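Some structures to go through are shown next.
Two complexes follow with subunit A in common, the first pairing it with subunit B and the second with subunit C.
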Partner chain A sequence: MGHDTAEWVYVGVICGILAWVGVDSWYIEKLVDDVPKDAEVIKVTAQQWFWTFEHQDGTKEVGQLHLKKGQPYKFEITSKDVNHAFNMPDWVIMQDAVPGRINKAWFVPDQVGEFPIQCREYCGLLHYNMRGTLYIEDNK
Partner chain B sequence: MVLELAKPRPIWQIMFSTHHTDVALLYTISSLAFLFMGGVLALTIRAELFAPGPQIIADSITFNRIFTVHGTTMLFLFAIPFASGIGNYLVPIMVRYKDMAYPKLNAIAFWMIPVGAALVWLGFSDVSWTAYAPYSVIRAPGPAADMWIFGLKIIGISSVLSSINFVVTILKCKHPDLPLSKMPLFAWSMLTISLMTIVAIPTFAAALLMMLTDRLGVSGFFNPAMGGDPIAYQHLFWFTFHPEVYIFILPAIGMMYEIIPRFSRKPLYSQSSGIFAFVMLAIIGFASWGHHMFATGMSFTEKTVESLCSFLQVLAAFLIRQCHLTFSHMILTG
Partner chain C sequence: MKTTRKQSMKSVMVLTAVTLSALLVIPLVNLADAATGEKEYIKVRNEVWNLFFRMTTAAFVVGAVVSGTIIWLVWRFRESHPKNKNPTRWETGEEVH
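And now, the complex of A and B:
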């Protein structure tokens, strides 16, 4: 094999891998963007240094969130002061909470249990301790 | 270096010199000093995180200050000045000129760095190296944050001045017998990053000014309470600092291009694909800043465009790897 052949095979393989990863991530991004119609809205408000959750029926929770298994949820995430980020590592959800904006994320819990919620954008003094707990309960 | 050992001079002769090798020594030595200072902070962070709960750092604000100054030091006081140091030493030699184009400007650019460094280290701010608004505007304690802003402002001006110097040295003072296409790839990497710096830094410089006036309360560019948009800051910031990633890495790759062919005793496989990769990285580097902001609530279209640009970026980066492939090929086949 001459130099040129080796070079072009290399470039071709790289382009192929990039195209594969690119199409796959585009497809997943579309899924992430597409909120189910029957999703229940949870308003997530971040502030230094705790989380407030408001359910669709108006009930509020601070630092903890109780959800039902099998029900789709849409989070509307915002902040009252500085930037934070709403992160539930076990459910691969991470979205910044930016003052003046409402960001969305959604998921359908398919497992009961207790999961951590944490702030993932540096927000000052107690950022390390800006945590919450997600409780997923059986929907009977 | 060897020259210094053979014929020692008093340190003040080097300090007040404007000759490119002397300024290069100052750059290299001070940036290595900052590497160790930043490294001490890094070790402090790791020691603190060795076990859960507080270990050696008294409170969280101190911890936040330490990681801020660590990041700022490593990026602005080590990575950029170190490349300038090596570039100062080698670029005039590689383009066969007696010195940098503007020797006094060169020395001025260097001496701005200790001033900026003093502001960053004496302030010991807690804004984190990205200094995202609105935290840096409405909550970060002063005067530390303001000193951080001024420090980075000065370091930014310094790197623009030294970049102008490199560009003029390479394009205007290069020996007429040496065409650009034959110029050593390390000099090419310095030319590329100097042009990138000149395009990239002004955006961050503007963002720093806006942040300062926001902090003073006379404007509200990034403050939602005054109708501003915190995301605007992130766009300005990453438009500078995504390209900056390549500004950090290209001199190192340029050095590899020089070192590996010499030690493997084979000529460089393809000079032109090295140049092509540098130029590609530089151009596409300005189109993919948004991949740092995927979690900020971008629209689907923005995300798609930015992903596409990032993939092109990866492709350009792989073109550089291709030369590494060549090196291993050369070494294996003899």
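And now, the complex of A and C:
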């Protein structure tokens, strides 16, 4: 064993951990990006200073969103004026709402209840009050 | 029996290999479990939070290894360390082979 073995082990350990960090993050990102085929599309439109949600059947909701437990949902997020960010902190969902662009996010609610929706990108005077409520109901 | 330098280096390498394999295998097993069964969806928030905790662990491990090495270097190669009592052959100007 040469005098530099310890140094090579050290370099190997650090490179190994960094490689694992890269591969694991890339894999999870790929997994999270993969929207289920049976996901129901919800069009999310942000504007100063409220949220509009349009369900697949055309019904619209303003400032509140009613979803069913166990059903996958895909959000198509855009903005009518300035940049906003669609955020449901309890569900670890945050995606920018940018005018002229449709961003996506998805999730499957697995618990009923009321959860906050908020804007997470400073968008003007009433940004602090650009909130909504997510209602998740039993799918029966 | 006294452990030689070579043996302790070997155990460090084995321990390192075991730790790295565990880091790789555990998430793969979890993902394989999650992928089975029909109409099973991944829970995005769980995946994201689990990734966050794994990355935090990795960051703290790298931080501990790097800072631990620096602390050990400073402690071992200080002037007052007993092993540094006599000047090395590089310091005395002797010919180095």
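Keep in mind that, in the parts below, the second predicted complex is superposed on the first by the 129 of 140 C-alpha atoms of A that agree within 3 Å, B and C clash if a C-alpha of one lies under 4 Å from a C-alpha of the other, contacts with A are read in each partner's own complex, and residues count from 1 in each chain.
Just so we're on the same page, contacts are C-beta pairs under 8 Å (C-beta built on N, C-alpha and C of every residue); 3 or more make two chains touch, one makes a residue touch a chain.
Being a predicted model, the structure only gives us computed values, none of them experimental.
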| item | value |
| --- | --- |
| Contacts of A:S25 with subunit B and subunit C, given as first, second, both or neither | both |
| Touched partner set for A:Q118, first subunit B, second subunit C, both or neither | neither |
| Touching partner for A:Y10 - first (subunit B), second (subunit C), both, neither | both |
| Partner chain in contact with A:T45 - subunit B first, subunit C second, else both or neither | neither |
| Chain touching more of subunit A, residue-wise (subunit B, subunit C) | B |
| Partner chain in contact with A:W91 - subunit B first, subunit C second, else both or neither | second |
| Set intersection of subunit A contacts, subunit C complex versus subunit B complex | 6, 10, 14, 18, 21, 25 |
| Residue ranges of subunit C in contact with subunit A within the complex | 6, 9, 12-13, 16, 20, 23-24, 27, 31, 41-45, 47-49, 51, 54-55, 58, 61-62, 65-66, 69 |
| Subunit C-touching residues of subunit A, taken from the complex the two chains share | 1, 5-6, 9-10, 12-14, 16-18, 20-21, 24-25, 27-28, 31-32, 36, 72, 90-93, 106-108, 110 |
| Complex contact set, residues of subunit B against subunit A | 60-61, 63-64, 126, 128, 132-135, 138-140, 224-225, 229-231, 269-270, 273, 295-297, 300, 303-304, 307-308, 311, 314-315, 318-319, 322, 325, 329 |
| Subunit B contact footprint on subunit A (complex, rising order) | 3, 6-7, 10-11, 14-15, 18, 21-22, 25-26, 29-30, 33, 48, 81-83, 85, 94-96, 98-104, 121-129 |
